[in-house]
Every structure is written in C-alpha cells, then in structure tokens.
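One chain, chain A, appears in both complexes that follow, with chain B as partner in the first and chain C in the second.
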Partner chain A sequence: MFINWAQGEINLKIVYYGAGMSGKTTNLQFIYARTPPKLRSQLISLKTHQDRTLLFDFLQLEVGQVANLKPKFKLYTVPGQVYYDTSRRLILQGADGIVFVVDSQIDRMDDNEQLWHSMERHLVEMGQDLKNFPLVVQINKRDVPNTLSIPEIRRRLPIKGYPTFEAVAIKGYGVFDTLKASMSGVIAAAHQAV
Partner chain B sequence: MHRTQPALSAAALATIHGLLGQLSQQAHMRCAFLCDLGGQELASWTEQADLDLVSLAALAAGDLMATMEIARILGGKRACNVIIQEHDEMIILVARVGEGLVLLMATGVDVPVGWSRLAIKRTSDRILEVVGSAAMTPPPLVMSDDFVASFNAQIDTIW
Partner chain C sequence: MFLQGSFNTISVAALIQTLCHERRAVQIEAWRTDASAHICLSDGLVIAATCEGTEGADAIVKLMRWPNGLFRVGQLPEHFAPTMAADPESILLEAARQRDEFMA
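So, the complex of A and B:
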C-alpha cells in the first residue's frame, strides 16, 4: 500500500495466484476488455514463446473518487508453472490482497494444492497473518469436463473461511464478483490499518 | 496490514520531485522516476508527457527484483545496487534506494555512464535522507467511517 497524500491517492496491490493454466491471465484479460479505458492502464504481459506467463501480467485499475480519496489497484498475475516459485515470491512482495485461482479439473488438484502451500509459505515468510490477510478464492473452469465438485475441492484445499466464487473466466462468469470481493477486502483492511 | 512503503508526506514527495527535477537539468536526460519494490510509482520527471509510468514502475521493480534474485542464487552476498542497460538510443540505470525503493534514470547515449552512475548514487542518497527521516511519519489520514461502503457502491456502478 502506498498513500500519496499530495494527490489523495491510495495505491493497493492485488496478486492473482494459482497453478499454471488455471486462468489468472484470462481474468486480467477479461477485466481489461470490460473496463472503460479511462479507468485502466495497458495490460502488460511478459510471456514465453509458448505464450505462458514468464514473470507477470500487470494491469492498473482506477475507480474514480471515493469520498476524499482516489483508490488505485495494481493487479498482477504470477507465473503458475512449478519451477517459477522464485518469481512468485518476488511478485507477492508488497501484496495487499491475493486472489487464489483454483483449476477445477481433477487432474490439476495436485498442482492447486502445491501452489496453495507455496502461497502460504511465502506469506508467512513475509510476516503476514494468514487469518487476517485479504484472500479471495476463485474456483475456475466450472464449465469443462472432469471437474471436481465444490465440496470435494473444499475438502482438498483449506479454503474454508475465505470468500469463494465459482467462475468460468474465459466467458467472464465470476470474474468481476471475484475482483470486487478482493477490492472490498483490501479496502476494508486498509481502512482498519490507517 | 503490511505496508509496502512508508507513507510519504506531501512535503517529502515535493522534495523528491525537486531532486528528480535537478536531474532533469542535465543535458540529454530522458526521464527519472522513483517507485517501490512492490511496483508502486511514487514520483517522476519525464520529458515525454505520455510515458506510461504505471507500467514502467511495475517493470522496473520486477527487473530489479529478478536481478537481485539472480545474484542471490549465484551466491552474491551484496544486494544489487545498479543495473545498467545500454541500448542503441539510450542508457537506462535502475538503482536500488535503501531497502525498498527503486530509482530509474534514462539518458541519451552521449551521456557518460560514469557521470550517470554518480548522479543516480547521489540522488539515491538524498532520497534516502528524505524517506528516512520525518517523511516516515504520515499526516493523519482522512478515511471516513463510511469510506468502505462508499467504495463498494462505486465499484458496483463500474462493473
């Protein structure tokens, strides 16, 4: 969080975290496409030749004047492939909130679990209190075959207690519900902090 | 909540803007800006009005963090201080300021790298003096009790 007192801005960072191909970049692409240009920045993507996220995707959103402040949100994705764990830790630095994107497919649950635990480990290393950190869970790809049921996903991942949204990010379902919940959680935490 | 960056007072930001402005007095200076390692832009000077500073800040922070990590993995004991990029049209220096800030400076290719290194070092030291003293203490924030409700109503009107 950075507060620019001179301009009345509060800058907040939200990181979309999750396994490779779970739909993190798709979330940002949909948000970018459906947000008025005057309220968003460019969508920056650092990709490999195989069109996979190499370092991060980045998008800034503004929501206009609220009371006496102008909140600005910087949305980042992390690379999801397992061997990019170092990059994920770097991008998590300074995060005010996280959206954890779960891939609903049965054969991706091991990756989901691995990424969840790496996220927890990084947050603890950064001194964050997991119980009070603004974390929102998006259960994505609800439209594809071979998905686990929501109760089964809840059994496999320790997501109880966090705001959770079902989504089909490629079609935009659940994308803004997730984003707004994350923004609200981050703003509420900022309100408490200052 | 974890603060990624001390909240700078308006006076501190004005001082930092002044320091960046002093850099701009040098010939063939393209831009100079300060952000934090979380990618938040804090202050800038640029001759190019439409420069996308928001994206630049995210990328500069990512660049410096990645370079620091490369050094750490290779066994480096000292954190990265400066990255120098020599392009055909310009030279870019990215310097770490203290523990959590990043200062980027871009010059024309005819500006000696030695001068640029000295300039970015001196500016970094002066910024640290500002950030490290009274600037660490924020003025009282005006986030009213109904701010959260107002914010939620506002985002519902956008999406």
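So, the complex of A and C:
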C-alpha cells in the first residue's frame, strides 16, 4: 500500500501468482480488455523465456473510498517457471493481496503445489501473517480434459479457509468474480490499516 | 545528503521504488570495495544511471547484482541533464528476470 497524498490516492497492489501457463496472464488480459481506457494505464508486458510478466494499474470507482482516498489498484502477474524466484519475490514486495491461480489439470498439480509453497515462503519472509493476508484462490481451466475434482484439489492444496472461485479465464468465466473478491479483501484490510 | 545506509538494510530495488513512489528529485551514490554507481531519479522516473562503466538500464541491472554495498541519497544537482527517462518498475523487473535466468 502506498498513499499518494498529493493525488488523494491509495495505491493497492494485487499479484496474480501461480504456476507457468496456469492462466494468470489470461486473467489480466481479460480484465484489461474490459476496463474502460480512461480508467486504466497502459499494459506493460515483460517477456521471459516461456511466459510474460504483465502489469497495469486502474482506478476502481465502485469500491468507494478509504479514508477519503481514491483506491487505485495495480495488478501484476508473476513469471510461473520455478527458477524465476527473484522476480516473484520482487513483484510480491508490497503486495496488498494475492490471487493464486490453480491449474486444474492433473499433471500440473506438482507445479501448483511448488508455487503455493514458494508463495508461502516469500510471504513469511516478508513478515506477512498468512492467516490474515487477503488471499483469493482461483481454480482455473475447469473446461479442459484431465482435470482434478474440486474436492481433490482441496485435498492437494492448503486452500481451505480462503475465498475460492472456479474459472475458465480464457472465456472470462470467474475472472471478475475473483478480482472483485480480491479487491474487497484488500479494501477491508486497507480500512483497518489506514 | 538526507539518507544513507547499507544494501543489507534495504535492497536496491526497495530503495529505488520508494524514492520513485515519493516522486523525489534525488541522486543515489552507491559504492562497495571495488565499484561505484550513480542513479538519478526525478518525478517517478530513472533519469540517469551508471554502474561500473555501464550506463542506462543495464547499470541498474548490474547494481542489483551487488551482494552488498553502501549508499547515500542526496539532492539532484540543479540543471541536471537527464540521459534517460525510464519507468523504474520495468527496469527492476527486467533486472530480476536477467538475474533469475543467469542463475538458472
């Protein structure tokens, strides 16, 4: 969270975290495409070998104000390949909320677990209390073959207690439900902090 | 000079991000045993960067690889002529990416 008193804005950061090709970029591209241009910045895209890191910020006028400040959200994705650990840590710095995107496919569960644990490790290193951190889970790719059932995914990943949404991000299903839940959690935490 | 410290206390990325968030017009002088760096910031942008003979965005990439070092932050000299105007976030993320790929 960063308060820009001169602009009367509170800058809040939401990071889409998850394994490579889980749908983080697809989420951001959909949100970007459906946000009126006057409310959003340019989409910045940084290429990695197999993935991209995307970021853009936007004003969300529907969520109200925090201590008379306009909330301005900045959305990020992280590169999902395991070895981009420094990059993920840098992007997580100062995050006010995280959307963890789960790839539902059976053969991606190990990657999901690995990325979940790396997220936990980074948050703990940054002094965050995982129990109270605004974390939302999106279970993506519900439309593809060879997916695990929701109960099985819940058994494999420690997502119990976090708001969870099923999604088909490529078609936009669940994308804004996930984002709204994340923004609500972040705004609630900001109200407590400011 | 209004701020000084060690990169063991605050990372290069956090220092640059904080000063850019504040939209400060400042210069960061950094040094360690065998190297030095000079970064200038203004209005939320990186407007000049040198490190170990490298200039521009690559200089920040190089600085981020330092395992340690000291810094001091001071006012930007009057009539300073910018040599670049880059969004710090893109540079820092690019530096982190290069570091990860180098280490992989």
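We adopt the following convention: the second predicted complex is superposed on the first by the 173 of 194 C-alpha atoms of A that agree within 3 Å, B and C clash if a C-alpha of one lies under 4 Å from a C-alpha of the other, contacts with A are read in each partner's own complex, and residues count from 1 in each chain.
FYI, a contact is a pair of C-beta atoms (placed from the backbone, for glycine too) under 8 Å apart; a residue touches a chain by one contact, two chains touch by 3 or more.
On a predicted model such as this, the values are computed, not experimentally measured, just so you know.
Novice: Chain B versus chain C on the shared chain A, clash or fit?
Specialist: In the arrangement built by aligning on chain A, the partners chain C and chain B clash.
Novice: I'd like to know which partner A:Pro145 touches here: chain B for first, chain C for second, both or neither.
Specialist: After superposition on chain A, A:Pro145 lies in contact with neither partner.
Novice: State whether A:Leu55 touches chain B only (first), chain C only (second), both chains, or neither.
Specialist: both
Novice: By the touch definition at the top of the document, which applies to A:Gly161: first (chain B), second (chain C), both, or neither?
Specialist: neither
Novice: Scan A:Phe2 for contacts with chain B and chain C and give back first, second, both or neither.
Specialist: Touch status of A:Phe2: both partners.
Novice: I want to verify the contact counts: of chain B and chain C, which reaches more residues of chain A?
Specialist: B
Novice: Of the partners chain B and chain C, which touch A:Ile44 in the superposed model: first, second, both, neither?
Specialist: A:Ile44: touches chain B and chain C.
Novice: Quick one: is A:Thr86 in contact with chain B, with chain C, with both, or with neither? Answer first, second, both or neither.
Specialist: both
Novice: Between chain B (first) and chain C (second), which, if any, makes contact with A:Ile187: first, second, both or neither?
Specialist: first
Novice: Applying the stated clash rule to the superposed structures, which of 7-15, 25-33 or 133-141 from chain B runs into chain C?
Specialist: The listed stretch with clashing C-alpha atoms is 25-33.
Novice: Touching chain B and also chain C: which chain A residues?
Specialist: 2, 4, 11, 44, 46, 55, 86-87, 90-91, 93-94
Novice: Taking the touch rule as given, give the residues of chain A at its contact with chain C in the complex, in rising order.
Specialist: Those residues of chain A that touch chain C are 2, 4, 11, 44, 46, 48-49, 53, 55, 79, 83-87, 89-91, 93-94.
Novice: Across the complex, what residues on chain B touch chain A?
Specialist: Residue positions touching the partner: 1-5, 7-10, 13-14, 36-40, 42, 52, 54-55, 58-59, 62, 65-66, 69, 73, 138-139, 141-144, 146-148, 150-152, 154-156, 158-159.
Novice: Tell me, which parts of chain C touch chain A in their complex?
Specialist: 13-14, 17, 21, 87, 89-90, 92-94, 96-97, 99-101, 103-104
Novice: Taking the touch rule as given, give the residues of chain A at its contact with chain B in the complex, in rising order.
Specialist: Those residues of chain A that touch chain B are 1-6, 11, 13, 34-36, 39, 41-42, 44, 46, 55-56, 58, 60, 63-64, 66-69, 71, 74, 76, 86-87, 90-91, 93-96, 126-128, 176, 179-180, 183-184, 187-194.
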